[in-house]
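The two complexes that follow have chain A in common; it is paired with chain B in the first and with chain C in the second.
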Partner chain A sequence: MTTARRKDALKHGAIWGFILVELAFFSIAGEFLAVSDKAFMDFDNMLLLLKQSAPIGIIALGMTIIMINGNIDLSVGATYALSAIVLLDSMTWPALQAMGDWAIPLAWGLALLTGTVLGALNGLIVWKTGVDAFIVTLGSMLGYRGLVFMINGEQPTSHLNWTLVDFAEAQFLGLHTATWFLLMAALALWLLMTRTVHGRNAYAIGNNREAAVNAGIRVGPHMMWNFVLIGFLAALSAVVFYSESGSVNPNDGMLFELWAITAVVLGGTKLTGGYGSILSTLGGVIAIQLLRKGLGHIGAATETVNLVIGLILIAVLLLDRQLNRKGKEELKI
Partner chain B sequence: MADMTKQGIGRLLAKQGILIAFAIFMIGFALANQRFIAIDNISGVIRSSAILGVMALGVTFVVIGGNFDLSVGSMMSLSTIVVLDLHDKIGPALAIPAMFALTLALGAFIGFLVGYMKLNSLIVTLGMLSAIHGLTLTWSGGKNMDIADKAGTWFAVFGQGRVLGVPVPILIFAGLAIILGIVLSRTAFGRKVYAVGGNGQAATFSGIPRARIVFLTYVLSSFCVAVAGLLQASRSLGSQNTVGQGMELQVLAAVILGGASLMGGSGTIFKTVIGVLILGFIQNGLLLMGLAFYVQYVVTWGIIILAVWLDVAAKRGRLWSPTA
Partner chain C sequence: MTEITPVLRLDGIVKTFPGVRALDGVSLSVMPGEVHALMGENGAGKSTLMKVLGGIHAPDAGRIFIAEEPVIMTSPQQAKAKGVVFIHQELSLADELSVAENIFLGELPLKSFGRVDWKTLYDTTDAILETLNVGFDARTRVGDLSIANQQMVEIGRALTVNPRAVIFDEPTASLTDAEKVVLFKVIADLQARGVGIIYISHRMEEIFKITDRITVLRDGQYRGTLITAETDEDEVTQLMIGRSLDLSRNASHHQMGDVALEVRDLTCGTLFQDVSFSLRKGEVLGFYGLVGAGRTEIAETLFGLRTPSAGQILLEGQAVRITSPIEAIRHGISLVPEDRKNQGLVLGMNCRDNMTLPQVDGLRAGPFVSSGAEVEIFDHYKEKLDIRTPGWRQIVGNLSGGNQQKIVIGKWLSMRPKVLIVDEPTRGIDVGSKSEIHNLIRDLAAQGYAVIVISSEMPEVLHVSDRIIAMFAGRVMREFTSEEVTEDNLIQAISGIKEGRVA
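This part shows the complex of A and B:
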């Protein structure tokens, strides 16, 4: 029992240990190699890092609960882009323009609603047809991207609202608006997964679907709610990012699903379902962003980031296998 | 009696649904636009589907073996960039085998991790997608790669040449499809791939070396990627670093459309070819109807889900999932 608990602590703590190693490495290596004189662990630099983690981070939080539930969502990048277009486009409608700054909450609401509906559609198809979530969301990844182009055309859509930009650039207690959204979302999902019946059932379904059915848990609605949540979170991520940037390209958000999955897996969540934690995903997101910033700091070419992250992902998998060697579970989809 | 006919129709739809859908599509498009069934249009579609198609042939083996391969897109970018770069440095006759060796080595590495180390194929190939993309950018320094003397090289023959009036990419795609089709359905290796994907444990107990079979499917897949990279490089004689980006999912879509189950153990080369052609002809048909290129994304979405849904429904004997 104690060894099991120690193993668990080791696995949950691993990602934070990795972050410490990254910080130490880049700080020391930066002394010799840095392009600028600024220290790597500069306070402003770290605040910026958290802010830049927010868009992928918020999506990765949603991906965590989807994967704990034993599913996967490949359509989040397209959902993100479609919500962004609804956000920026709706503010140019005459009806909303007449409302002045009251258009902002309405545009936010519309964007969030878009993401929620797209997520619900995925969830409903997975539930009612019984087709694997991988295939359903692979299809809607294409389909939602098609909708993006149909609504938006091939040109970027831009709309800057200065009230919105001021809000997005504001800092409260030192942290940026985007960081607050990331932390609040993480807190809410952490409470959801650890303190509610829905969270407990999501773990149970991911762990052993048949046993969950036998225990009287309704699998369908739980899966559906998780897809609704990730759709909402993809839209929230778009709202947070595009409130500030004010310009969306129809190809935006491509490969976001892969980055989000990478962060979740780095955080130790199992693809097979039933195991994982929101806080570790937060660690995974920060670790990736640290790596991007750190490699830039020591003057490595930006292209090496992809190489390093890919190899780290595989190394984590190897390590995980060594740790679990005695376990009877084998990593397999 | 009526019930039995209904079941019979359901079974027929499930078994040959993809062919029936294909036929309906072709007839519909042909009625909408005469140009659609012109010989040069059809050969144009197959030619431009050949690169995707060659990659799909290899991934079919991987998927039947019960695994994923998400790395084929970025691996194709790498082989295209490498062969173009080496073309000017060591000449095409040496560049081609060098590129094949590098691509096969990457495939062997993935095969080792998934087959012998038993790592999760989805994450391994996701990691390799990222890593190989980084490798490509490092190799090219982020710049586009172009052949200096485009007019004076015989290298263009693979992508642009014709033999007896038939474009070479079509010949390569067809030839590879026939060979790999025979390998999969008529050889001991092919049977073992099905066995490993269908029930890995049973395969192990009956003495089939699971690790080696999985390893070989990835090597085979990387060989197909190298051929696709060769076709791509030879067709355009210049390339961006991201030429294959996103193709891994299109390839998977074609394989799934062909009816291969992602759980492994089912699928055929012939059906994958049909899946590739459906994607190609839908794209072409919608363009000929005057619709923008992105309409095909939405149509493909509907078709993928419908195709897999019918397949799943036929297997469980009812349309809607019994999940509460």
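This part shows the complex of A and C:
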């Protein structure tokens, strides 16, 4: 048992160890290669890193649950863009403009509702048709992105509300608003996954769907709620980011689904479902952002960053496979 | 004149798995042109022996000879190259490919630049199909064929090499009588060509019809080889079952309670028809029959996994409709499924979480699950069922089969079921734990639980049941009390033989 628990701790801790290695590497390499003379481990720099992790991070948290369930959601980037448009566009509606700053919570509400509805739609289709989530969300990824262009045209939607910008740029106890949202979402989902019936069922369904059905778990509705949740989180991510930026391009959020999946996988969640953790995903998100920032810090070009992240992802999965390989007898056949 | 040598000979094969001696010095020889039956109960070691022959398991001791040449088998492909071919009960065909592509899968004839030589492929295949005398050609899509014809494709695959020995594993399990005749003819043709045949089956009738000799295994041990013409069903059955003291009859001496479950004329399409029985509290009702007799399907219907097409289910006198496991659980019906690992347990989760899975919603304190309440339930059943695990955090996949099964049983006992159905209670469980599970089932009955036990192991059914229902081809053939049942009349009932006659 002690070995089992140690192994488990090692697995959960691995991503944080990796983050420490990254920090050490970039700090030392930065001394020789840095383009700026600021230290990499500068406190403000780290705060900024957390803030920049937020948009993909919030989505990746939801993706963790979806993937623990044994599903995947490819439509989150499009949901993100559509929610952002609703957020910014709604504030320009005469009815809302007349409300002054009260338009802000209403616009937020509308944007979050958009994401929730889009997620619910995915979930309903997965539940009622039984079509694989990959296919369903591949379709809705294209469909939702189509909606973005239909509503928006090729032009960016812009609206700056200075009260909102002030809120988004605020720092409370040193952390930025976006970071707070990321941390609160992580805490809420961590509680959901470790302490509630819903979380327990998510693992059970992902690990062995048939056994879950035999234990009387309603698999379909359960999955739908997770899609509702990730839709909401995609919208929350958009709300947090665009409150500050105030301008959304119709192509925004593209590839977000893949970055979110990358972070989740890097955090050790299994693609096949049944295993994973919210905190490790948070680690995965931070690790990716650290890589990006760190490589920039030592003067690597943006293109190199993706190459390195890709290589690291494959290396991590290879390592995982080697460590988890069962006896030789299992491999035959 | 030269002496006839066996085409295939296995000599003193020993194979041990952790905790189980699966094969203990088993020998078997097949002469050219002979059909040699391999018999034994489930778990007797037949399939392990065939896996050793196919190179899937390496034997710990013993040797394999082909035409008296010692060989070491490393894979089914290599065995095939040496002329030993397997026709499995489960067909392994690619539905979307043609008959020819399936037959030559992995060894398609090629032209230059790796192009497939379709003409040769189809011509060779048609030649093979002709020897099998079947009514379809090389270009037919395999998915469009009947099961029997798909089996012919599988046999065709064996004929691409010049086989010395062909092993048929339960080949008639899903065939109709007419299809069987065709199969037996193919076997006779192979025989005439001097091929040695190992024929694995539970069906006495077929064994006595087509085989020359019968080798019997029991508990991994060689029990003897009989000449078919000189023996009878009784002798073979004796060898197969033997006598073992720890599996004595075990009818209940305690008082039975009220009727817990009554089933009237339950039918589910072609799977089973007009099944009626009743079950009292404190009683163990055994279901016995061959694979495919409809036993598991009845359990699945009672548990809401299948929808019956006709019939009634009454729980404690009340008619109920059960359309999903959720409702079955609510009505107090629990199922310990046949396939523990795929249907019963979430292998990657810990012991506690597995045990409380169906009722975790009732163990909440506010929004969060009360870990204390869960651990309490786990500890209670850990002690009650003597589950050997270091603690509730242990991942269930790491436990032994017996302890895993106890987790599943504990899971359902904690729901206080009115009816507990246990399908294959000891499949894949080592001998020591088997009797523990048996005793557990007896204890539960003594405590007043109504229990249904489904098993394909006769000693098990005889040992734990108060009454036994024998099934054949989806129908109840006969119901036995523990006083009237004998191994002979039970075997006859599940083979479709009524009062000594073929049904």
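Going forward, the second predicted complex is superposed on the first by the 326 of 333 C-alpha atoms of A that agree within 3 Å, B and C clash if a C-alpha of one lies under 4 Å from a C-alpha of the other, contacts with A are read in each partner's own complex, and residues count from 1 in each chain.
Here, contacts are C-beta pairs under 8 Å (C-beta built on N, C-alpha and C of every residue); 3 or more make two chains touch, one makes a residue touch a chain.
This is a predicted model, so every value here is computed, not measured.
With both structures placed on the common chain, the touch criterion links A:L319 to neither chain B nor chain C. Put chain B and chain C next to each other and count what each touches on chain A; the higher total goes to B.
Residue contacts after overlaying the shared chain place A:T129 against chain B, while chain C stays out of touching range.
By the touch criterion defined above, A:R195 lies against chain C but remains apart from chain B after alignment on the C-alpha atoms of chain A.
Of the two partner chains placed by the overlay, chain B and chain C both lie in contact with A:R218. Within chain A, the residues touched by chain B in the first complex and by chain C in the second are 213, 218, 332-333. The touching residues of chain C, counted against chain A in their complex, run 56, 303, 305, 325-326, 328-330, 335, 337, 342-349, 353, 357-358, 360-361, 364, 367-369, 390-391, 393-395, 398, 411. Contact residues on chain A toward chain B in their complex (touch as defined above): 74, 125, 127-132, 134-136, 138-150, 213, 218-220, 254-255, 258, 261-262, 265, 271, 301, 303-314, 317-318, 321, 330-333. By the touch criterion stated above, chain B contacts chain A in their complex at residues 68, 113, 117-124, 126-135, 137-138, 142, 200, 245-246, 249, 252-253, 256, 262, 292, 294-302, 304-305, 308-309, 312-313, 316, 320-324.
Contact residues of chain A toward chain C in the complex are 1, 4-5, 191, 195-197, 200-201, 203-204, 207-208, 210-218, 274-275, 332-333.
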